[in-house]
Amino acid sequence: MSEVREKESRLKVDGAVSLIELHETVEYILPDEHYDHPVAVIECIEGIPCNPCETACPVGAIVVGDDITTLPVIDPTICTGCGLCVAACPGLAIYLKQQHHSDGLSYIAFPYEYLPLPEKGQAVTMVDRRGQHVCSGTVVRVIKTKRFDRTAIVHATYDSAFYEDVVNMVRL
Amino acid sequence: MAKGLDVVIVGGGIIGLAGGYFLSRKKKRVLVIDKGGFADGASGACDDMILFQSKKPGINLELTFESLELYKRLIVDFDDEMQFKNLGGMVLIENDAELAIMEQFVAEQRSYGLDVEVIGQQDARKKQPFLSDHIIASTYSMMDSQIDPFHVMRALEKHGLKLGMGIQRRNGVVAIERLGNGNWSVVCEDGSTHEAPVVVNAAGAWAPSIAQMVGATVPIVPKRGQIVLSERIPPIGETNLWNAKYLVTKLHKGTEVQMTDEERELGLSLAFTRSAGNTYLMGSTREYVGYDKGTTIAGIRGIIDMTLSYLPKMKDVGIVRAMAGLRPETPDGKMILGEHKNLDGFYTAAGHEGDGIALAPVTAKLLSDLICGNPIDRDLGELSPNRFGGMAHE
Amino acid sequence: MNRITDHPILGPLEEAEMVDIIVDGQVMQARKGEMIAAALMANGKNTFRKTVKREEPRGIYCGIGRCTDCVMTVNGIPNVRTCVTEVEEGMVIQTQIGSGEWQ
Amino acid sequence: MSDENENRDMLICRCEEVTLGEILDAIDEGFVTVKDVKRATRAGMGLCQGRSCSRTIARIISERTGKSLEEVLPKSYRYPVRPEKMGAALSREGEDESNN
Amino acid sequence: MKRLKRDIVVIGSGPAGLCAAIEAARSGAAVLLVDENAKIGGQLFKQIHKFFGSADHRAGVRGIDIGEQLLRQAEELAVEVWLNCEACGIFDEKTVWMVRDKEHSVAVEAQRIIIATGAVENSINFPGWTLPGVMGAGAAQTMINIHRVLPGHRVLMVGSGNVGVIVSYQLLQAGATVAAIVEAAPNLGGYGVHTAKVRRAGVPFYTSHTVKEARGNGHVERAVLVKLDSQWNQVPGSEFEVEVDTICIATGLTPAVELAFGSGCRPFNSPPLGGLVPVHDRMMKSSIDSIYIAGDVSGVEEASTAMEEGRIAGLSAAHSLGTITDQMFAERLEQLQHNVDALRSGMFGQKRREAKDAIVRSYGVER
């Protein structure tokens, strides 16, 4: 990525966190790490006073610590991919992701707080952190439980060539 | 050699600014000093009347005539918006006892040249359709006029500045000393000193403390007047309004009038005037509470109660602000204007009570004539600071 | 209509009793208990008054009763802050021209 | 506020419709606090009593004169906090209630 | 004149006032909570997003739901509540003059008054800013989340602080399109997680830009944006138009200090917290012994902080009346202050923490 593009896409200028910024943070799971199930990817790079992700995790995979402005650190080897942190994060900054899910497809579960909700099997357009259309995707399931408190979690698969870019879908 | 100051005026209210402007017109080098901001004192918390009807025949009424003429000239000279209006005024009469006293009073005023009359209930309602039913009659004069204090003060300041007048705000005077050369030296909070042969004490309710700096006594007491300001509304009637109740007690001490305890305690009387910006100013209380400029629940509600008792229609009108001014009151109800005995060059121009706006131009004109030594075709003895006896500097 | 009938967090808009208000002579439907300003905006009316000096249109600005820009003449009373005044059945609401008029 | 001259016609006080130009003129005449400007121009004297514009006026004065915002902002306020209908201020229902 | 009497009157039932009332009532004081609105909760019921913080601060719970929980607590503790009640003034440091239901007025004499009047939105001015369609972001938020009415369909947001980005997100949730968010500063103000939410929804940010003009015939039809140079001057020729029917202003908040300053509370200038605020100590007591303050009026922060400050004010006011023991007071105060400190820790809290310290220091020095 050229220097200019990097500048343009800084979080505090563009609004979206850039891949360069993400790669520099310890809690981010790099694409070359492979897991056999989707694991939580945390895109929270500012020390805001907040720790619901740590509280929500049933297996202790996420650590914030006593100082709640510390950035959360996830241990993907412990993460079971249950998705509770995805719905708990007030900043909607956590996804479940798996690069090699099946047949050249990546897997994502992301929080979605718009209406209407997509349906299982529906073809949707996946977007990157800047809202750019990246590729098509297929909704695998939509989970909306009382515990998630009106934050729906949409699970989808998409072309793994765009594994890192995709974070959400175009609103319906 | 640079010319020094001729006059330092302490107090930048309407009296100080008018004095500064008139003296500047006479080529005097004037500096006006005020401890507060623009119109921070009584001149910024008062009605805007050039009111004739409340005045007994005598010097106050005569000076008001002169002041009105001077205002009319200023309006021409300045060519500025000063919101001069001539809505006329009515003093509302509630019972036969008040009617009798007001009829006599109006007759005296008429003989003095004031165009005023007593009108009946029906005529009163023609001018004020929303008057309460209990009003049996009213006085009416077309002469009562008004002018916006803020516009006047801004214009006086602007034109004064053009003539070389100086103004210092937010700079209190801490001492006034006599120098060996006979000049006065005025020492300010910011450490500056200003030397001039003449000092004018135009500090309104604060005039006593300024006089004290040179060992003089000025028998002015602050009288708090709370007023309430309405939102901007269409005119509710033709004229401005006062009530006879209070006037009657002043005219005939001991007259029995129906007053609630509250009215008596607060010294309430009605003044209902349509001001610049088409809001209504409603007042007022008359309280002796020292230099406390605060408003009180009793005062605000007292004014609202009273206003609604005369104009029930106002109940749907909003009030946006309550405020209080300290009216500088003298023992005999006349202003203090003149040079202090044994204090050459120290003048006081203060004590206008509720008539500072009305009397500012004539005060300023007389003050400048006094200071410049011009002939004055009127005996100012009854306004002299020395009239109270035994109070001059030893 | 600009009503938000369904919402991902707040859910579907609850049924409400509707009242008729008369706005500049026209009957409009409002939800009982809602603020006049909300009812007008729901019905697509955004200009609430014309100013005194420049006769310019004004609408909602602060929405919480502080700026007083949304004042209208309501049931004959001028200067009513519509963003903090509830609608009532049969309420007569008029675009306020300048300071309004006595009625 | 960089194009002050271009925007002299722009309103600052919504209620009393006082323009930027009128406010700048007053500042240049020596009215250098929010209260001074208010009394000189009526900006902030309307129905909202300066609740939307006094901070803006403070900023304009500050930019024009170099004074700090603290120096130019009012430190006291007059009641009532909101416009209140006179009829509402009148009745005293409930005031006889004993302390409970 | 006869007057009602109460131990503690809390003015404003937003997050700070509501928590102050609850804490004071829990500490044994008789509390009257008044609010100008028809519903208790203030801004909480516009906050449909989940709050930050820890479990102590009810993190992860939506503001509206925290509001409901607090409401129930206030009910259980028998807090007396007067709604549709405007506090018009405080006289003699103890008497609150109020207008109820817009139709009658009451004076209540309180031993302690807690002022929790919140904050008001700042304006920015550009030609056309008085056109219908230009409004505060808070006004738009009230419209969509309280009144369930869309103020417009294509919105320009001015200001990228948390209010600007959160309201933008909520406008999207309500079904509007946000055409852009402009920010005069070279960097965005809000939390990255908030900006990221709207950015991935396709909303562009324009830093170093401002609104030059709003245009339209009787209503906003488009906004002219212009680039700002490093000196914040408009760059000639850089103008471009955005078609919108609504322009929302989210350029910060100013503490609503009229009641506090009208009652004589001493001011302190704290630019990082929104300007002049009533000076106060760690117990949230103002320069007047009978008056306490809490929430945005004591310096603009977030609802979570306002709630903790409110609890401290309620606790301190009750303690000053002797309704709890010194030991209970000390223990609870320590806990609450720990909670506040946590919210003011880290890079985002540093400025606010330092600003609050300066206020408290000034209280000690000049008292």
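Letters are used for the chains, namely A, B, C, D and E, taken in the order the chains are written, and counting of residues starts over at 1 for each.
We adopt the following convention: contacts are C-beta pairs under 8 Å (C-beta built on N, C-alpha and C of every residue); 3 or more make two chains touch, one makes a residue touch a chain.
Treat the numbers as computed from the prediction; the structure is a model and nothing was measured.
The minimum number of touch steps separating subunit A from subunit B is 2. Chain pair with the highest count of contacting C-beta pairs: A-E. When chain centres are taken as C-alpha averages, the shortest distance to the whole-protein C-alpha average belongs to D. Distances between chain centres, each the mean of the C-alpha atoms, put B farthest from subunit A. Remark: subunit D and subunit E have CA centroids separated by 21 Å (rounded to whole angstrom). Between subunit A and subunit D, the centres computed from C-alpha atoms are 48 Å apart.
Taking each chain's centre as the average of its CA atoms, subunit C and subunit E sit 25 Å apart. Measuring from the averaged C-alpha position of subunit B to that of subunit E gives a distance of 43 Å.
Shared interface positions of subunit B, i.e. residues touching 2 or more other chains, are given as 231-232, 295, 300-301, 316-318. Among the residues of subunit E, those in touch with two or more other chains are 1, 36, 62, 89, 97, 102, 105, 107, 120, 130, 173, 175. Chain contacts: subunit A has residues 113-115, 150 touching two or more partner chains. Applying the touch criterion to all chain pairs gives A-C, A-E, B-C, B-D, B-E, C-D, C-E, D-E.
Residues of subunit C touching subunit B in their complex: 52, 77-79, 99-102. Of all residues in subunit D, only 11, 14-15, 17, 46-48, 51-52, 82-83 touch subunit C in the complex they form. Remark: subunit A residues 11-17, 43-52, 55-56, 67-70, 88-93, 113-115, 127-132, 149-151, 167-168, 170-171 touch subunit E in the complex. The part of subunit D that touches subunit E in the complex is made up of residues 1-3, 7, 9-12, 14, 20, 51-53, 55-56, 68-70, 73-82, 84-85, 87-97, 99. Per the touch definition, subunit B reaches subunit E in the complex via residues 294-298, 300-301.
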